[in-house]
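To start, the structure under review is shown below, and the notes come after it.
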Amino acid sequence: MSEKYKTVAYYPGCALEGTGHGYNRSTKAVGRKLGLDLIEIPNWNCCGAMEVKNIDPELQNYLSARNLAIVAEKMNVDTVMAPCNGCYHNLKKVEHDIAKKPKTQEVVDRLSQKAGHATYQAGEVETIHALDWIKEAIGEEGIRERVKNSLKGLKIANYYGCMYTRPRNIFPEKDQGEGSESTHNPHYMDDLLRAAGAEIVDYPLKTACCGGAHTLADSDTSTKLVLNLLQTAEDCGADVIATECPTCHSGLEMHQIRAEKEHGIKTSVKMLYFTQLLGLALGLSSRKLGIHENVSDASGLLKERGLA
Amino acid sequence: MSDNGERFTGHGEEWRDARLSAQDARTATSWVEAKIDKRALLTNKDRVEDVRDAMWQLEKDGEIIVHRVGDQHEPVMAKTLYGWDKKIPTNQLWHHKSCGQCGNIPGYPASLLWLMNQTETRYLDETDQTSCTAWNYHGSGIGNIVSLAAVFLRNFHQAYVSAQAEGLDPGYYYPLVHCGTSFGNYKEVRHFLMHSAELREQVRKILAKLDRLIDGKLLIPEEIVHYSEWLHVMRGRIADKQQIDASNIRVTIHPACHVYKMVPEDVIYDDDVLDGNRVAVSTGIMQEMGTQVIDYSTWYDCCGFGFRHIISEREFTRSFAIDRKIKVAVEEARADVMVGHDTGCITTLDKNQWIGKAVGKDYALPVLADCQVAALLCGAHPYKIVQMHWHASPFEDLLEKLGIDWQRAKAEFEGYLEEVAQGKIETLYEPRRAITSGEGYRP
Amino acid sequence: MTDPILIVGGGPAGLGAAQALSAIGRKSILVEKEAELGGAPIISGYAKLVPSGEWAKDAIGGMVQRVAGSDLVDVRLGARVTEFAGTPGSFNATLSSGEQCQVSSAILATGFTHFDSINKPEWGFGTHPDVVTTVQVEQMMSSGKGVYCPSDGRVPDRVAILLCVGSRDRQIGREWCSKICCTVSANIAMEIRELLPDCSVYIYYMDIRTYGQYETEYYWRSQEEFRVKYIKSRVAEVTSDGNRLLIKGEDTLVKRPIAIPFDLVVHAIGMDPNLENATIAETFGVDLQKEGNIAQQFSYGGIGLTSRAGVYVAGAAVGPETIDDSIAQGQAAAMAALGMDGGMVAPSAAAE
Amino acid sequence: MPIHEKSLIRPEDLTEHEQLEIDGVDVSGHWSTFIETRVVSDYNERMEEEIAALPGGEYIHRCFQCSSCTNVCTVNDLNPDFNPRYWIYLARMGFEKELLRDKDLLWQCVSCHKCTHVCPRDVAPEGVMKAMATWAELKGHTEVKPAAAFDAEFTEQIVATGKIEEGRIIRGFFKRTGQPLNQPWLREMSLRLARRLPILMGLKMALAAVFRPRTRDWDKSRAAITEYIAEREDANRRALNLD
Amino acid sequence: MTSSPQSGQRAVGKLADPIGADAPLDREALEEIFDDIRTHPRYDSELNGCLNCGICTATCPSAHYYDYSPREIVQLLWTENVEGIYDAMQEKIWACAQCYTCAARCPFGNSPGGLVMVMREVAIKHGMESAKEVLRPFSRVMLKVMTTGNQLAPNMITPEHFPDWGPNISKVEAPLNILRKAIPMPTLHTQETAWAVNLKTSIELYTIWEESGVLDQLETMDENLFDVIVDIMDEKREDYADWLEEQDDDDDDD
């Protein structure tokens, strides 16, 4: 176990205070269990998700830059960890844009000054995802050593979604050869859960889209996309889809129900956050991991497999 | 330009005038303007196949016999698109009639025959001939290469032997094709025949059954000739007979697709006609007779006939004919007449105008074949010979502009109709010559 | 004593050969049929060259001056070679003046002929005055008069450049790609946009072949910086409605017919084999390839070899070629000719 | 004859007369039907600039139509008419009428970023899709689409408090788009949750409704953002020659 | 692997519409149709390759009005897209106006119009519904040409069949037979055919129809019309045989 990422700034984002509550709880619980410290960014604001970008991309950059500026200015850490793909993506995006685009620098600087805080400068803070955090700080070996309750027999399809890998140019650390994360075939979650004893199924739709951006605006599209994800996971033999993003997770849950209610197409695969699965393996209780707060009710399955 | 004044083209600081002297600029221009021997360069026969070469070879191999354009046919050489020579026979012609012309624009072939009478051209117009069947093929899909080829060779065989009925040698008459589609189709079929031994064999069997082989061989014409080509090479001689001045007439030409787009290497382009930039037929004779030929933006477009559309989808035909051709000729070229050289085009452009009234597009542009206009200008009777009453588009203004009293001519014709009813019929040639074979044939 | 080397053609390839030979102190005789040196870039009045961006008059003009000023190059203008006899190392060339020259070898740098757009009548050249060729636009620009419509001198609002005129066209017996027209057209398009910022320039293409580095410098940059529009369409006809030219095409990416008005239409004319190649081939006893260019013997051991030992070829005489490659080939052919003198026998000759 | 290939003609291109008599001849129906051309006869040369000026559209001019974007497009998989490559081309060339035929599809991009990920020319097609949807709305060619309503609701909440609250987003969105909140599937979802967490759920919802999550110390940021948005909206309208 | 086609698609990571699914086409039948096209005697000389340049569609009159593109047809054939070919044969190929402008323009020397003809022939061979529909209005012409050797007759052009050609089919009031006789060409004094075709000639053409397989085509497409034509021609052949016999008798008498 390395010292890297032992203490990081924690950026939960809005979703983890709402529908992604289970993700929030399990992330914190797993962190504690693993002896990692999360310090929540004081006064953080919403990253803007995709929606603010659609209104104006530079405004979204400002929103994300403000959070990074707080970390750089007020916190004694050089890393910020965001479990939500959307937040993670946006922090990565502003890091990229602020380094490369004069227009971004100009707008972020102007708004930061008006708002009365320091302007974030490229390179001051490193942004990582919850997957990077555990993968780097603990590693597969570290997980394997700590497994109390192996996930053995549980078949998992890992679903990474869009924002974790795309577009490649905002993730300069990915695709750097052996050991690094891949944008084409991400595997950090596979690695960690496999270390926790799970059987990882070969899931071709790892980075397909769940339609999360339109979950309400164009629900039919989202339902179709989600159904593809769910049915494929079932075709691949998965019991569980492991997620690492609150928007994807709730999208899968919501549209599983919507497909059933509106189209009469029923699927039974369950959704669990990867932190919930890791937590179970580490011996944490289902309640502590917020598994009961998921819409997708995995309690029967977990009981059956002796995991809860 | 970027802020620091540097040229953003990257052409660098050596940006300055070319300093090309006036003399240099002139030399430069003349270099480009010097025209290369038009289409001859690199369209020689090593590069583009001349089907006639295949014919000579097959004849040498004893597979076919070529019906030659001989001296007796008084050929005139014309240059085609690639600068090749094409022999156009000008005498002893066998009329391969067009069903559409004969059926609904009879003044079209009648004018042509009348012009032949004026120029003392010998010809035969007989009953032993079929349609080329290509309209039907292109329209319905019924028919095939074998049937088309057999029809082609049957009719051309008849042209070859027809003179025997008059006690003359075979080959005396050379076929002259009236219809643009027949012309294009026959050329296309000849191409397939020359390239496919299998097709030749299939057709040989059929023609044997019809007793239409020469020494057991297929008879293939040396040139497939359209009447408009005859008219083109005869234009000087026809213009000599001109009686009516047409210099005030603005003419738009509608060239027919199957005449100049199908097998294009065989089509006449003449340096003296529009600098050789457009197909020469029709334009050539119209210019020769002193009309003003006006170019227009849809010159290259087809008429909208469509083969099957003219029968079953006239929405397309009428829309295209009016919008792309008639309207443009009237509004853009301010034409007095549109002149064509093919059956389908004349029919389409002529008959489909009236319905334009339904959408406020009533252009009333006369549509005539080149030979009809030529005959008119040489003094042919507008009704008795040119048979203009079969045309749907109004032609009366055009006749007035040419100084022809159409009302008198019409009255004359109506008088003539009464004589016809009594069996007093005038014809362009001795009627019995039309019968050369089969039922009713009496030598 | 070695005899001089004969160079036929005073364009970029011939100049390149002459320059190379004089640089190492070898004599040459340069025979040019026109009254001045420089070849197509000078005689046809090209404007700025690809890829240097230099004016032809400066770039090729500079070469002409160096060659013309060299004591080692014997320049014969307005001359042709009428006979060529002998064996490698000892040829006898008869010039059109009747003069006989002893030469050790010959380099054919006889170039090409611009495609004559009159051969594509449906595209309006020769019918409509505002249909011009790339060469004519080069001349407009190089003569300093700017780009205008020849019919009435007005400045065009909208220019279309049609690619592959006289190239890649079986209808007129020219199946080859002329190699340089895409790049030249992109260059011209950028120049027009620079001269006339309010004028839109559209390029009608069926393939874009701005190969190698030209991709960024010409194809990409013409779009990114100069906003030149590319339409994937080979046009059917160029006609006129009496006011503007009409281009009829299918926008194949949209799958719709288009009929767009333009003020000026430019044919990106291709490169035909030199019109005189048949005569040249006969005089020098070399083969032509099927398309009418001087046939090059492909051998990685030798450069610019023809079917006759001691006779070399360089530049557009072998097919469409760029100016800089023509110069390089001229220089390379010079080296090959020298090599033969020194006893290095060309592989094809050795094989005989 | 009724037109055999009628499905190949756009209905708006047909002129038909149910009853018509000319010169005493009955030419009703197909006897007098005319077709208008579908040939595109001009470009709107300002269109590319307009879209380039809107958020997300700035790299549209780089496109050279390789179609990588459409090939990977998530929505295109579901609906082949959703074709970013095609629309970018239409916009670049100024085929305004053609683009408007698809105006009701433009907004359906799900922002999966596959296109931006693969685009060899860095056009960022995902952004261009947004710019096009915005263009169609600002120009008045379409009503405000649900996606835009969602974006607006979302952004307004952030501007107001620095954060969003999902329940409020859902309520706000349904209100904006005039839809009932009582969607069967949403109800089902709440029911399933409530079955397991009856008290906590109720409490959470009630709390969130009263105590909105908010970022402390947000006032100055809010002012800066509000001013910036107004500035951008103004710029967008100017770019489109509106007002 | 599961047997469902949808999951097959998903297995390569391709999304599909999981809610609406299409019935799969019978690929073998499609390939048979394509084979008939590919082996048609015209095929090779009409298709050399395709650059997708669009010049054919640019110049196509049908493309002017229809969502029809010869380029697309050539592409379907060139890429051997059997589904697309089949679809095109349902409707699109009939839009072609057979003007051959495309062939005159193609830089590759293809003939898209010729390829359409091949496809039309094959559509007929397979008795496709589209071909039957298209043929129906043609039956008058078919009957005429197959029984007389002449495609068109003056008496076919009547106001009932051509109201859109207006009231002036002739601008001189007279019965058709008089108007025809007033044409100064003796061969045109006919109403049933465009020119007088003698009996032997029409029988010769009928033999061509029989021997070249055209009659079989017709039988597939329109059995009624086929029966009518066969009856007429049997009668004509009998008449001709009788006449020949008479000739022989005359000869014998001589």
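Labels A, B, C, D and E are assigned to the chains in the order they are written; within every chain, residues are numbered from 1.
The rule we apply is simple: a contact is a pair of C-beta atoms (placed from the backbone, for glycine too) under 8 Å apart; a residue touches a chain by one contact, two chains touch by 3 or more.
None of the values given here were measured: they were computed from a predicted structure.
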Partner chains shared by subunit C and subunit D (touch criterion as defined above): B, E
Greatest separation from subunit A - chain, by CA centre: B
Between B-E and C-E, the pair joined by more C-beta contacts: B-E
Of all other chains, the one whose Cα centre sits farthest from subunit D: B
Euclidean distance of C-alpha centroids - subunit A vs subunit B, Å: 75
Where subunit A and subunit C are represented by their mean Cα positions, the distance between them in whole Å: 60
Separation of subunit A from subunit D, taking each centre as the mean of its C-alpha atoms, in whole Å: 27
Subunit A-subunit E separation of Cα centroids, rounded to whole Å: 63
Residues of subunit E whose C-beta touches two or more other chains: 15-17, 59, 64-67, 94, 101, 104, 134, 137, 164, 166
Set of subunit C residues in contact with two or more other chains: 122, 171, 232, 236-237, 248, 251, 257-258
Where subunit A touches two or more other chains, by residue: 208, 224-225
Parts of subunit E lying in touch with subunit C, wherever the complex brings them together: 48, 51-60, 63-64, 67, 69, 71-72, 101, 104-109
Sites on subunit D touched by subunit C in the complex: 38-43, 45, 48, 61-62, 64-65, 85-86, 89-90, 92-93, 95, 98, 121
Residue ranges of subunit B touching subunit E (in the complex, touch as defined): 97-104, 106-107, 109-110, 113-114, 125-131, 133, 135-147, 150-151, 154, 184, 188, 191-192, 195-196, 198-199, 202, 205-206, 209-210, 212, 257-258, 260-262, 264, 300-302, 304-309, 311-312, 314, 316, 318-320, 324, 351-352, 354-355, 383-385, 387-392, 410, 413-414, 416-417, 420-421, 425-429, 431, 434-435, 437-441
Contact set on subunit D toward subunit E in their complex: 1, 4-5, 7-10, 13, 22-27, 31-32, 35, 37-39, 74, 77-78
Subunit B - residues contacting subunit D, complex: 312-316, 318-319, 322-323, 354-355, 357-359
